[in-house]
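In what comes next, chain A is part of two complexes: it sits with chain B in the first one and with chain C in the second one.
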Partner chain A sequence: MDLLKRYIPVFCLLALVISVQLVTQFTETSFYLTQLTMSAYYSVVVIGLCVLMGYGGQISLGHAGFFAIGGYLAGALTTHNLLPFREHGLVVFLDRIGLLVAGKDLYGGNLLTVEPWAACIAAVLASGIIALAIGGPVLKLKGHYLAMATLGFGIIIYRIALASAYFGEADGISEVPGFMLLPGIEVSGSFRARTLNYYIAWGMVTCGVILLLNLIHSRVGRALRSIHGAEEAANAMGVNTARYKLYIFVLSAVFAAFAGVFMTHYNGGIGPSEAGIMKSVRYVAIVAVGGMANLWGALVMGIVLNFLSLRGVFGSYDDAVFGAILIIIMLFAPQGILKINLWQQVKQLLSHLTPALRKEETE
Partner chain B sequence: MALLEIQNLNRRFGGLQAVNNVSFNVEQGIIKAVIGPNGAGKTTLFNLIAGNLPANSGKIYFNNERISGRKPYQIAKQGISRTYQNIKLFHGMTALENVMLGRHIRSKAGFMAGMLNLPWTWSEEKKIKEKSMEYLDLLGVADCADTEISNLSFGQQRGVEFARALASEPTLLLLDEPAAGLNIYETAEIGRLIMKIRQSGITILLVEHDMSLVMDISDEIVVLSFGEKIAEDLPQNIQQNEEVIRVYLGDE
Partner chain C sequence: MQYQPMTPELFIQYLFAGITYGIIYAIVAIGFNIIYNTTGIINFAQGEFVMLGGMIVITMHAFMPLPLAIAVAVLITMLVGALIEMVFIRWLQGPSVLRMIIITIGISILAREAALHIWGESVRTLPYFIGNEVTSIEILGARISPQVLWVIGVCSFMVAGLSLFFKFTSLGREMRACAANRRAATLCGINTKNMVTLSFVLSAGIGAMAGCVMSPITYSEYDMGPGLAIKGFTVAILGGLGNSVAAVAAGLLLGIIEAFSVSVLPLAFKDAIATSILLIILFVRPHGLFGSSEAASLKEF
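On to the complex of A and B.
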């Protein structure tokens, strides 16, 4: 019964996803699907971060870094030609176990690159391992200090992306090939695959939401919330708080990395702005707007705000808008805008005003 | 062998010797009280036993295993549970969820099992819930099971905290001033409850300021003053102990 209640919103989500696609098909506005696909991938980062922040109570201002590690590694591995190094032992070995594929570049030259599935797994693993290594020491910090440390991590990843020739410096990586998930199902930005890719992205969001919903309603989710509530008491109840914080950090990094991999194949490339600090701030702002410990709120806001941003609604004030959102939410609705009780707010406002009014009457 | 053995325990805070070479045993199945004037080092002693603070020197054995130097969560798994002087419940969670945390060490679903919602976790969750309701019921706070913890009265919160500590089925229960902030009726109630807990086979070590409660329920009493143990005896003997009287009432 509880399970049904948990999954009903998931079915609603699926119904909404399908109806949006059908509406765009009949109204011939399917160009919207491109932004909806990208919003979906960004939302995967957001829901992972939501569980870290809202349930685990840990902040990360470096999640664009994990997204970038996934995206950049998958992009570089599937794009850089290994032919010049074909004599190298490692390349020979990878070729022998079937992890390399031959292809042609735009000008018909021969290419030898890493198979996308292998690249995807390597990229996500790398992101997870880096999260494990960073998280171990960093998650001992609390509050501002943790925010600063993760910010530092984000800056490092950004500068590495910007400075290394392997990752294309300021240009990033382009001409990333499609990612054949299964025969006939390819993550790519090609015009004909637009509807398919919309469903791939939303399939990923749905899987992610189901996994996280299960997690937060499990013994582990309860333990995470207890850490948020009173860490010392959680420890005294036998919760290994350090390990739980680390695992949820790694899990959210893995979510971000998956999103990065798929997004890079979908866009056919990735640039340093994806690793930028403003991207991390944006993810945090979206989680805050959705209401920290509210997975659905974070998802809805992740879709809406990213969609508006990608449609260019905020123009060149894009980053400023997200900064402003963060300030406004922190001031007026720290529980997230979906939790605002409008009537309560009005009553509060009235109770502030009425004494003043009464005073005027008596005078 | 005693259930809990404390040997030559020391803890300093800067120049202050909060716990000074304290040794005593807690036998299985008894209620032992630690008393002493404010600042005697009682809460520090509890924090040392529960692993929240490291000792500067000395050893603590529980069930013949050394627990000093271990982390709080490891000590909890050994079977030591506690309540706090200023109640520490998980805010943003309901009373039931708080008590369910007490079952944490008695259940095992991890990240993978949780995410995949494996069928065996359902029956585990169901058992956790049932057991937790039993403990809420025992403490007389079952009707606030679904209430968020900050909406409960102080007395109800104390009840939930007790239920949470008991839900882990501890061998040793540490109670840090269980009667603090309660009126005389509630204090008597807590006293009866502590006796009942002891009857179920749980050993109890408590810190308490309410002398009538301590004298009523304790089997043995340890008296601390300025971090040092000045007496350890039966309640009736403690009442006659001149050193103890001097510490509490001052020199004539």
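On to the complex of A and C.
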């Protein structure tokens, strides 16, 4: 019964995803699907961060960094030509075990690049390992120190992306090929594959949500909530808080990296703005608006706000809108806008208005 | 990149560049410290005060002589600081650290976006206080712009003035009392809420002043805030959060390290150095180079 209750929203999500696609098809507004797909990938980052922030109580202002590690590595590995290094031992070895693919570039030249699957795994692994490496010392910090340390990490990644020729400096990486998940199922920005890609992205969101829902309701989830509530008390009860914090940090970094890889293949490129501080702040803003410890709230807000932002509704005030949202939510509704209990307030108002009713109840 | 042998003249040149930037970082760090001491908040919008000071003085300079323009810019920024505190912070009761971090980040974004819409993306600069870009004074064989001496002089004056203010004036003592123990200060009849406002006004003021004097050398643009804030925070941590005298030493240290790093590393990595130092210090000695670890164990990191 409990399990059913947990999965009902997931089924609702799937039904919504399918109906939205059908509606856009019949009303011939399927151009919306492009932004919905991108919003879905951003939302994967958001739900990972939501579990880290809301349940684990650890802020991260560097998640755009993990997104960028995934996206940039996948982009660079599948785009940069390895033909000049054909004699190199490592390239020969990779070629022999079938991790390289030959192709043609735009001008008909020969290309030898890393197979997208291998690049994806390498990128996500790299992100996870980096998270593991910095997570140990970073998560010992609290409050401002944690915020600044993760911000510092984000800035370093941004600087590396901006300064190294391998990652295309200010131009980023472009002409990233599609990612053949299975025969016939390819993550790419091609016009014909729009509906397919919409479902790929939302499939990824659904998988992520199911995984995180199960995690929240497991031993790990309870441990995380105890850390958020009172870390010392959790420690005293025998919860290995350091390990659980690290675990969830790495998991959320892996989520961000997966989103980065898929987004890069979908867009056919990635630029340094994806690694910028504003992106990290934006993810935090969305989690805050959704209500910190509220996976569904974060998901809904992630879709709505990213969709509006990608459609250009906020115009040149894009960042300002996110800044304003952050302040207003934190000032007036630190539990997120979905937690403003309207019904409770209405009931209070009613009971004020009708003292007679209240008297009856007490009798 | 061409390798240059380090001559004594070049050494002095780098040293002065380092001191100039270092003292600006120290001013930002002291701004962090003033607010942190009275409220326990790290104001992520600290760098925006410097940006506002620089941008306002450039606009004002078109209408009035330079000293007056600087005074007006500092006053306006102080007013902005007071407004920020009164609108966003004063009425919150016991807010969590996470909440305060996010609010001040939001403020910094809003300030930056407002500046973007008022002044645009272009890089602006104030004319040199004395002479122009090529005027220079020879010190120990190196050629130093007089503006560098202005920056160092004004910032040193502010640091000295602040420490005198905190030590000898009644208002300064009240602020320190508020920092040491807020409840006890309230019981002694100090209006702690006003002290918090005052701390925002003060740190906005010194930030704006630094923004004015540095503008001819480093230029002003709408998004200079976050970079300065992260360096100022590095310096504040390096010296031990809340310790303003150590912040000056730490600021000079960071400035000089950065200046000399340019001779070894590509310029693009200059900003990454400060952040790397920040991360290392946070991991190894979160109580700062000059702080005591015993006192630190009583605090939350």
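The rule we apply is simple: the second predicted complex is superposed on the first by the 341 of 363 C-alpha atoms of A that agree within 3 Å, B and C clash if a C-alpha of one lies under 4 Å from a C-alpha of the other, contacts with A are read in each partner's own complex, and residues count from 1 in each chain.
Note that a contact is a pair of C-beta atoms (placed from the backbone, for glycine too) under 8 Å apart; a residue touches a chain by one contact, two chains touch by 3 or more.
All values reported here derive from a predicted model rather than from experimental measurement.
Of the two partner chains placed by superposition, only chain B is touched by A:V220; chain C is not.
When the two complexes are overlaid on their common chain A, residue A:L94 makes contact with neither chain B nor chain C. When the shared chain is aligned, chain C comes close enough to touch A:L151, but chain B does not. When both complexes are overlaid on chain A, the residue A:A293 reaches chain B alone and has no touch with chain C.
With both structures placed on the common chain, the touch criterion links A:L251 to chain B but leaves chain C unconnected. Greater residue coverage of chain A by touch, when chain B is weighed against chain C, goes to C. In the superposition on chain A, A:A122 makes contact with neither chain B nor chain C.
In the superposed model, A:L132 makes contact with neither chain B nor chain C. In the three-chain superposition model, chain A touches chain B and chain C at no common residue. By the touch criterion stated above, chain A contacts chain C in their complex at residues 57, 59, 61, 134, 137-138, 140-145, 147-149, 151-153, 155-156, 159-160, 162-163, 277-278, 281, 284-285, 288, 316-317, 319-320, 322-327, 330-331, 334.
Against chain B, the residues of chain A that register as touching in their complex are 3, 211-212, 214-215, 218-223, 225-226, 228-230, 232-241, 247, 251, 293. On the side of chain C, the complex with chain A involves touching residues 42, 88, 92, 96-99, 101-103, 105-110, 112-114, 117, 226, 230, 233, 237, 266, 268-269, 271-272, 275-276, 278-279, 282-283, 286, 300-301.
Taken together, the chain B residues at the contact with chain A in this complex read 50, 52, 71-73, 76-77, 81-82, 84, 88-93, 97, 100-102, 104-105, 107-111, 113-117, 121-122, 124-125, 128, 164, 168.
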